[in-house]
Every structure is written in structure tokens, then in C-alpha cells.
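What follows is a group of structures, each given as C-alpha cells.
After this come two complexes, each holding chain A, first together with chain B and then together with chain C.
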Partner chain A sequence: MPDWLQSVLQPAGPQAERVHALWNFMLAVSVIVYVVVVGVLLLATFRPRHSEAELAEGAPGERGVTRLVSLATAVTVLTLFAFLLFDFSTGRALTSSVKPAVSIEVTGHQWWWEATYYHDIPNKRVTTANEIHIPVGRPVLLRLNSQDVIHSFWAPDLNGKRDLIPGKESSLWLEADTPGVYRGQCAEFCGYQHAKMAFLIVADRPADFQRWYAAQADTAKTPTDSLTSRGLEVFLTSPCVMCHTIHGTPAGATLGPDLTHVASRRYIGAGALPNTRGNLAGWILDAQGIKPGAHMPPNSLSPADLQALLAYLGTLK
Partner chain B sequence: MPHPSLRLALMLAGLLLASACQRETRRFRESPPAATSETAVAMSELQPGPKARDLPVVNPYEKNAYAVAEGERLFGAYNCTGCHSHGGGGIGPALMDDEWIYGSDPENIFSTIVEGRPNGMPSFRGKIPNYQVWQLVAYVRSMSGLLAKDVAPARDDHMVMAPEPQRTQVKEPIHAFTPAAAEHP
Partner chain C sequence: MSAPITADPAAAEPEARASVRELHETLERTWSDRPGLLGWLMSVDHKSLGKRYVITAFVFFLLGGIEAAMMRMQLARPESRLIGPDLYNQLFTTHGTTMMFLFAVPVMVAMGLYLVPLMIGSRDVAFPRLNAYGYYTYLIGGLFLYTAFFLNTGPDAGWFAYTPLSGPEFAPGKRVDVWAQTITFTEISAIIGAIELIVTIFKQRAPGMSLNRMPLLVWSMLVMAFMILFAMPWVAVDSQFLAMDRLIGTHFFNQAEGGDALLWQHLFWFFGHPEVYIIFIPALGYVSTIIATFTRREIFGYPAMVLSLVATGFLGFGLWVHHMFATNIPQLGESFFTAASAMIAIPTGIQFFCWIATIWGGRPRFTTPFLFILGFMVTFLIGGLSGVMVASVPFDLQVHDTFFIVAHLHYVLIGGAVFPLWGAFYYWFPKLTGRMLSERLGRWNFALFFIGMNVTFFPMHLLGLAGMPRRVYTYLAETGWGTLNLVATVGGVTIAASVLVFLYNVARSLANGEVASSDPWEASSTLEWATTSPPPAYNFAHLPVVQGRYPLWSRTVDEPVVTGLRTDQRQLLITTLLDATPDHRHRTPDPTLWPLVAAVATGVTFIALIFTPWALVVGAALVAGPLIAWGWPKPKPGDPIVTEGVR
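For the complex of A and B:
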């Protein structure tokens, strides 16, 4: 994903700004401490040695040395307490007690992300993968879960890391200040393809978000011409249907990512490749060549069937 | 020339290295043609030309622990558990016992999955890639102790309802005696 880089140093939301402020404070204090320590060390190296008499117990200078050491200890303790307080207040500020504008359930899988947006009307529920859209300037609550092993959700432009523990829900607040695309990544080693477990957070203007949501909540477009109809048939009679869902068709398996609107996503394979027709063809035929160990099996489709399938998947905007 | 005992030790170490450990190999990348499902068992005895013996069918995953574990994962993922439960059966027959309606050989189980069987077993032809069917076959056979002991997993990730696969015994037929009428004079 070269188009979008992730960075802790370019905060794009209030939570990330708090983390960034803490980071800056720690950097500044650490630099001062480092300079002072090295300075004192150099001073000690180059000043003439004390004589035995000067260091003897009860000597005139001895009391001053004791005071100096006590002062340094006190300053160290105070500095560490300052870190502690700043850290606590940052940690408190990262959670919020307001009602979230959007609440998203994010489930970690080996090796992709599933995002479910719940809605009061059950058939308006949206499930997507590896690309999480949020409205700008609104607090968003992520409820994090894992299906298999421990993962960690990390979008450094928006907030710190949060682990996804199987069987124990954790939560994370996000808010983006400006529209944009922010990259995130699994930050807890989770197996063979941990490195290729990325996701995008797309912050839309509220109106754009509503439009996106309405489109995602819709069922898949019914194929209109013979090529895409054939593509749907190929999908339903090949191994695809064993793992994937396309709403509006009989395909309803939940092992792999929901493909109802796969063509609307920017990447395939959790950030492995840009979502182009050629990449998708390579992924369908030989995903193990791209992401060894992923659960997507190789598929042997005839050229005509593959083209029909690609044409159909391309209509799933 | 090194000491004879050292030479012996080196030779033994070489032997150990030479014996490839198939059990732990993880083959992720099966070539796409391997994904085609086709039957491994002929449905008819008749053949054109002189009677030839079928080539013995070898399950490439029979000796591979990773494949058996994958088989177990797929057994749940493809909802085999929906009918067969975790081997105990329910809607479908139990798989952890010694009764095999259509045979216990790998090729029999393969065609059961790919072709389906009357009275309920669906045909997964074209839906499950070939190599995954073979992984399922290896796992199904492990449930009744038909795999080599060192291949089946030594522990289960779930609550133990049955002995661990490694300790599962081949079951003696319940009717161990031969009925008198079937005995040759």
C-alpha cells in the first residue's frame, strides 16, 4: 500500500493528538534528561579527582555531595511521576462517555478484518472487509473481537493500538478531523501472513458516509447481460460459494470476506494488492502465490468462466 | 581419520537428516489444476478392452499432520458438523465408529464427499477443491484411528469428548465371531 502511509507523527484525530502530545512530552523530557546526564558524565570525566581527604567522612564538601545526590533522586522521581500523570490523563482522554455516532464491530481473522455496522433495521446491517468507512468529526466506537488468535488493531494516524482477544470484546474510540484515507495494520504477530493484514480507514464527510452506507446496505446488483449472469453462475457453482457471501444471491457463507460490494473496495487480500481486474484474477486462480498460508484455495476455472466471473465481480460496486 | 565412534555418530546423524519429516511439512501452494474435483473411484466394473487393475489411490496427505489439522478446520468450516456432529453423528452417520456403509478406504471417502450418497449426503463436486477433499479424507479417517499414530494430532483444541486422536484405537467389530452358517465345511 504505497499510496497511504501510516504515521504516529501526523495525528488526524483528537485521540491521536493526545497520543502525539504524550509522545512529544516524553521525547522532550527524555532529551533534557539525556543532555543533563551526558553533561554531568563529561564533567565527572574531565574534572580533577577529589583527594582522599576531601571525601573523608565529616569533610567540609561531603554534605554538599549528599545534598546534590538527594536532589537528583528527587528530580528523577518527580519526572517519573509527571510521566505517570500525563500517561493516565491521556489514557482517560482516549475513551469517551458520549454516545457514539457509529458503532462498528471489527473482527480479526487470519489474515483479514471484518467490519460489521449494526443498524436498528436488521436488513440494513452492513458487513464489509478491510476497508472501514467512518464519518468525519463524529466519535466512532469500535468493538473489537477475534475469531482465532490475538490480533491488534492499529491505525496510528487516529489512535493507539488495541488488542483483539478471542472471546473478550475490547473497544476503541476513533475520530477523524479531516476527510482522508488512513492506513492501519495488525500490530500483534498473528501467524504466517501477519504482515499482510492491513486495513484502510476511510473518513468521509457525513453526507458521503450516508451515501456510502446506503449503497453498502443494498443487495448486490442482479446481473443484466449474459456475461455477468454467467459470472454469477460460475460463482455459485465453484468453491467461491463455500466461503463468501453476496447478498441478494444464494451465496451466504461467512468464512471469507463478504463480497456483496467487493468492487467498491480499494484493495484485495487485506492490503495485499490493489483491487484491479488483473490482480483479482491472479488472486482467484492462485492466492497462495500472493499470500501463502491464507485460507483462499487455488481455483482452476476455464478462461471463459474466469472472465465471466471477473466481469460479474466488477459490477459489485 | 576420526575416531570410529565419532564416525558412527556422524553416520547416524546423517541418517536422521536423510529421513525427511513429512509429518510437519506445510504445503500452502497447490497448483491450480490440483483444485479440480473428480472422482477417484470408477462407478462401474466394466472397462473397454482387457480387464486392467485400477492404480492404487494414494492420499497425498495421509502422513501430514498439518493437512489433518486443515481437514479438521474444513470439517467445521464446510459444515460437515451440521450432520455428522464432531464425529458422533446425528442427522448423518457417526464417523468415529467402525461402521462404513460405503467403505473406509481413502478413495471411498473421497467419492462419498465428491459424489454424495443416497439419503442425504450432498455432492460437493466442484465446490471443494480436490486437495481440500483429500485433507478432509485424512481427517475423517483419523477420527476412527485409521491414520498412523504419529500423524494424528496429539491433542485437541476443544473440550475433550473422546480420547485424543492419537490414542484412538481401531475398533474391534462388535460381532467378532463368525456365524456358524457362514463357515466353510
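For the complex of A and C:
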């Protein structure tokens, strides 16, 4: 079993819980309506009528039928009103705004997520990719943007989805009740690898979150041994450097995910593979085999260079 | 009008018999298609074209079904490598485009074009040459899409083609242009069909068929036609804006240059939501017709039924934003669309209640068409209820663009339109072909389809709630979505089996099916059952006069018929809009090849337009030629004026 959740029916935050309550209400009403309507339909279809007398019997007159149909219509209208009231009150509850404890700018790219945490001190801002940590029990505000096409951010255990439309910033509130890992996926078709554009939201206890944040705000560790030094050199002299940033090194390109703390993340390739050494090697050599159409090119590295690079990337906690 | 002349020559006196035979022969000469392939291509008969239209649409239904089957195979297990993202994206785009634009709307229009003149007691649709042009335009559009698909240029940006994904920057190549131009073809044919239906229904009804006596199916076709007329132009504008952005560098949808990416969605859904009702409303007409026949009861609450159809037609235009709840629309606006979306359940509910009341008061006969109608009611209701659910903004934000919506829309469209359509196929097949379909195979067809449909699509509700988004070509094993997906695929196989049973049933019936009488269902109520199966080229030897809402049930022995139309040229009786009192006779055009030529010229123009804007200039001239030839007046010596008053 995975160590994350991805379901509307296992809400883990106040927003998702409100929606879950609404769902339960609608499901119950729908089941009742369905059973009643289909029940009456089946009765109407299969009621016994062997003779004309039996046919006429149990068939109310024109007036009676008109009254019954009108009654059924009135009940329909009242049910819909009840639905609207429940719906609007849920909608209000979801949008009541407070001061966010954390606010994060999430940018959609074909086919990965970039997350930048706001901080009053510019060099304390943190940029990461595909794995967003939030503190438990605190309201989090996401500011959603896209760099290319329309994506949609959706972590079903925490809240509904919101589209990321290029040039039109939108926002989404999240809050997690319990620590855990909640998976989400892009919900708006965004091209070739729409299927492999996932992310994780990691809800940490506030203290853990602070620790994580402090680590992420740090620059990358300087290599200490010859193997990892060689790894950094491979990174800086291969195509890697054309797209990726590692803070604390000369690598500062922003086309691909920020790799300053890549080893701290659980998955690579926006949820395509668990972040293991072997998977990372496969990803570096032939990302196209794993995620065809992704913008990560294949790389040809000698085995020694690859091992050095993997060792170096492994230090980027 | 005069005393009746019996349509059966054998029953008449010798001299009367001779004159009746002569009448039939003259009408046959006047109205039938010319012989041979050329005659077939020149046909302007609503029945020939209607049948071709239905068969073509059904072939596209099969193709769309094959695409669906391929997608189900890919999704049957996690991380399957059967089909890659490139093909998968083309498959779901082509599947959606096919089912919506090449199957559902055309098949409904086609049924209307075939049935309406018969049901209202006329001899052809209004503008029969335009009818031919509309059909050929549609055919060329469909062939164009599939030619591109087999050349690996199938559209891959979704049947909704959201910008900027479908724009020039993110969709280089010609795939999206193929999509945009396919849409243009089908828009033209649908709008043509709508115009024909409206004029035919308004001006060609048999004397006595006032608006308040019109069969419910004709009402539903009328509402559908008006919806097409008001909805289709928006997607025409939209797809042409897109084509211009792509071809000549306009910036309608380019945010960076002052365009608006959301404009696309508004225009698309302002068409796209009414489209659902364009498909659904004719189906309601089939349901009412079939229920009336197989319970031998008038549909309860005719005025309520008609008003519900019309109300659905209007409300259908007020819901489009519920496809866009996840964009940043102001909340007050969203509430309006929630209320409107919930409101549409009311007219549909009223129709449900009236049908149940009708069945209650009657004695149902469990024929295949009736089974499909029962299937419609118990299946569509699930889609209707989940439709009210997704009208809620907070809930929709959870399930929007997930498999829950895939389930919902298939319950609505298959439950709400394909079940009644299948019932309609079984019901009118004898009228179209003169042969009965096998009831035993029909029951198999129904049972497999009913089971298959539910097994395929019900689990998708759960998949959506479990977090599975739409339009993904694969998913991780850890998500746990594998089992339900496998179940859905098994359901898909069942649907395929049911379609095969249907095809076998049709083939078997055409080869040696039981020959159908003029009214094989006994106690059908509408006028198409008053003529032979299949109807002669001229539909009715004597145009009927209508005396009630269910004309064949209120027939009297000395029923009047219409006389005074010329038999040696194609004349239609034009009646007034409200009361259908005879107004004048109208000479309707003879068969010609020009609509086909014009359609081919249009096709060449549209296809060339995806490569160069100059195609418009050259193409305009190319299309103008056949159009002029088509409309060129050719009075024969001794012809009376084209239109004259009733003598």
C-alpha cells in the first residue's frame, strides 16, 4: 500500500470535510429519490392487470393523476431548494478567508509543479518542485499560476481543484488536520504527459515543518569528498546545468525543477517514480523511456560520471 | 378535399382500381430517384438521404466505439504499455469529437429528417437540395477527420480543444486544424438540418395538425432544431477564431497579446452545454412515441410535456458556466449557474412523472423498443441525479475533470440518448426497411447493453471519487485504481458484444427478416404508420387530414384526404404555422447533382484552408459555380407558376 492518500472520500482537512458532508447529504437524497422513482416505475409497469377491470382499478382518474404529478413536481422543487441551501452554505464556509499562515506560489509547467514559499526576507524564500510541505492545522494559501497551458491543482483529501490559467492568477485554501502525505494530480488535460503530472502535499507537525523549511532555505551542501566533487563537476559540465538550479553552485537555470534539495523528495519526474538511486539513474539517462514527451532530454554519461553524479545528487537533502 | 380514395387498389372497383394504379404510377414517376449510381448521387429524397445519414452516423458510432475499446484496453491495468500518450490523446480526442459531432447530433438530425415529413403527412422536407448538400458536407467532414486520424494527424487536444494547449504555440502541426475544420463541416450540416426541420414543421404539416396537435416527437425535433440554430454558431465562431490564431497570427486567445484564453471556454460551452440537450431532447420524443404505442395510451399531460421540452430548450442555454467552475469565476456568478443547473431537473422530472402516469394507466407490451425505454429511465435517472450533484460548486470542484464526470456524462448521453435511440432503431426499423428485427436477438441486444453500460460506467463514479483524473493514459499501481478499471473494461467488452448482436440482427433481418406490414406494432398512433413499410417515394398517395393529437387513433371511416396537388410534378402542400390550414401549393425541386458538387467544392476549400488562407479566395469561386448552377431556374414549357393558391 502506498504511504499517501488520494481520495475525496478520506478527507483530511476542514475544506474537504465540508465537501464530504455535502456529498453524503446528496448521496442519501439521491438514493431515496432513485429508489422511490424506480419503485413507482416498476410498480406502474408490472402491476397486475389481467382484465380491463383490473386495468381501470388502481388507476386514479385524470384529476387524481394530475394531482399526483403536481405533487411529485412540488417535492422535486422543494428537494432542489434544500440542495441549494446546503450547497450555498458549504460554498460560503469554504471561502471564508483568514490570514494565511503560509502562502505558496504554485506554478504549473508541462509537466511538473513549481512551488515557491513567500517569505518577508527574500533569500529565505524557498523554491521546490512536486512536493509541497505544509504545517498541520494552519490555513495555507496557494497562489496559482501557469507558465504554459492550463493545468488544474487538485489534492482531493484537502480541497477541491482550481485551474492554473496563464496570465490569470487564482488562489486556493488548504488545511490539513492530521500529519500525512496527500497525493494530487493535474486535473485539466495539459498535453502529452498530463497523466504523469502528480505532486505530494506533506502535512508536517509545525515544528517539523519549521525544520524542513530551514533545511530547504539553505543552499546546497558543498561536496566534501572526491566522488561528490566529481559529481558536481559532471552536473556543471553536462546538459543538466542548462535547465536546473542548485543554489550554492553556479547552476541557476529555471527551465526545470530546482534541484537544491532533490534528495529530500519522495518522487522524481512529478510523481513518475519513487526517488531511489536506481530510478534516478534511469531518469537521468533516459527520461523519455519513463515519461515520453517530457522536456528532460536523454543524457549519455560514462558509468563513472553517472555514479559520481548520483552520489552528488544523493547529498542534496 | 374530397371523399376518401382507398389506398389499396385490390379493394376498389375495377375502374377505380385502374385509376388508383395510375395515380400510384404517376406519383412514383414524379417522386422516385433516377435509376443507377448517378440517380443515387442525385437523390434529394428525405428518405434516401435520411437513411444514408443514419447509417453514416452509425458507422461513426462504431468507430468511436472502437476508440473507446482501445482506451479501455490501455486502462485495464496500471502502467500498461499497450498504447502510448501520443496515440491515447488522439484516441480520446477523436472519440469525443466523433461521438458528439459525427454521431450524436447528426443521428438525431437524421432521424428528424427521415421521420418528420412522414409524421406530419408531407412528401419531402423543405429545401430538399439543401438537405443533400448538408449530408454530403457532413460525410466529407467525417471522412476528413478519419483520413487525418489514420495518417497519424488525428487531433490530440481534446474534443474541447482548450486554448492555449490548442493554440499555435503548444500545438504545432496540423492536428488541431483538422479538429477545427471537422467542426466547421459538422456545424454547417447541423445548421442546415435545423433550418430544414423548422421550416418543414412550421409550414408543411397536414391540414388539421395545428401546433397543439403536433406529435411530441415533432415538438422535440422542433426544440432541438431551434437549439442547434442558436448554439452552433458559437462554436463556429470559436473554431474559426482558433483557426485564425493558428493560420494567420491573430491573437483572440493569446493572453500575452491582449487576447483571452477563457474566451475560448465561454464560447465553447455556450455551444457545448446546449449540445447535450440537442442530443437529449429528440430522445425524449422517441420515449414519448414508444411509450404511447406500447401502452396504447395517450401520453399523460400533453401541455406539460410540450412546455417541459420548450423550457429545457431555454434553460439549456443558461448552464454553460458549470463546465468552468474551476476557473476563477466570481462566486455570485457561480451561484446563478448552480441554481440554473438544478432547475433543469424540474422539466425533466415532470416528463418522467407523466411517462410513469401513462404507463400506469396502460397495459405495457414488452417489446424491444419498450425495454430500451425502461432501460433509459432507470439508467438516465442515475445521470440526472449525479447531474444535480455536480451543479454544486464545492462538490464539482472535487469531481470536475475526473472519472466521476466520465461516468456522469455517459449515464446522461448513453442513458438519456443512446437507449432511446436504440429503442427508436427497433421501433422504426420496419418502417425504414420493410422488415422486422428479431425480438429474441433484440432482447439479447438490450440485456447485454444494459448490463455492459452499467458495469462499464458505474465503477467510474468510484474511480473519480478515488482521485482518478480524466484523460490520463496510465496510472500508478499504488493508486489502487486497477481493479475498478478492469471491471470497467469487462463492461466495455459486454457493450461490444451487444453491438455485435445488433449488427447480426440487422444483417439477418435484411437478408430474410419477417416482412413488416404498414403498422407492424399495431396501434401506432402517428402518420408514418399510415403508409406502407417502407414508404413509397411520395410518402402518401393522398395526403392525410389530421383530426387529433394521435391521428391514427382518431381516424374515422370517412376520413377526408387532401386532393388537388399535381401528380406529374413535385408539389408540396404548404399550410399555415399555427392551425395548419391549407395555404398554397409549392413546387419543390427535382433531383440534381449540384448539391454534391457544391459539397465537394466546399470540402476542398475547407481542407485547403488549413494550409493557406488563400484557399478562401480560390474556394469562394470554386463553390460559387455549383451554387449558381444549383439555383439556376429551369422552367419547363407549360409549367404553372412555382407557387399557387389552393383551388
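Note that in this section the second predicted complex is superposed on the first by the 296 of 317 C-alpha atoms of A that agree within 3 Å, B and C clash if a C-alpha of one lies under 4 Å from a C-alpha of the other, contacts with A are read in each partner's own complex, and residues count from 1 in each chain.
FYI, a contact is a pair of C-beta atoms (placed from the backbone, for glycine too) under 8 Å apart; a residue touches a chain by one contact, two chains touch by 3 or more.
Not measured: the values here are computed from a predicted model.
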item	value
Most chain A residues touched (candidates chain B, chain C)	C
Chain B versus chain C as contact partner of A:Ala304, first or second or both or neither	neither
First, second, both or neither for A:Gly293, with chain B first and chain C second	both
Partner chain in contact with A:Gly191 - chain B first, chain C second, else both or neither	second
Which of chain B and chain C A:Val33 touches, first, second, both or neither	second
Partner chain(s) touched by A:Ala215 [first = chain B, second = chain C, both, neither]	neither
Touched partner set for A:Val149, first chain B, second chain C, both or neither	second
Partner chain(s) touched by A:Gly91 [first = chain B, second = chain C, both, neither]	second
Partner chain in contact with A:Ala82 - chain B first, chain C second, else both or neither	neither
Partner chain in contact with A:Ser238 - chain B first, chain C second, else both or neither	first
Common interface residues of chain A - those touching chain B in one complex and chain C in the other	292-293
Chain A residues within the chain B interface of the complex	237-239, 241-243, 255, 285-286, 288-289, 292-293, 297-300
Complex interface listing, chain B residues touching chain A	26, 28-36, 77-78, 126-129, 131-132
Complex contact set, residues of chain A against chain C	1-2, 6-9, 16, 18-19, 22-23, 26, 30, 33-34, 37-38, 40-41, 43-45, 47, 49, 55, 59, 65-66, 68-69, 72-73, 76-77, 80, 83-84, 87-88, 90-91, 94-95, 110, 148-150, 152, 154, 156, 159-163, 165-168, 170, 183-196, 271, 292-293
Chain A-touching residues of chain C, taken from the complex the two chains share	84-86, 89, 157-158, 162, 164-165, 170, 255-256, 261-262, 300-301, 304, 326-328, 331, 334-335, 338-339, 342-343, 345-346, 349-350, 352-354, 356-357, 359-364, 374, 377-378, 381-382, 385-386, 388-389, 391-402, 464-467, 469-476, 478-480
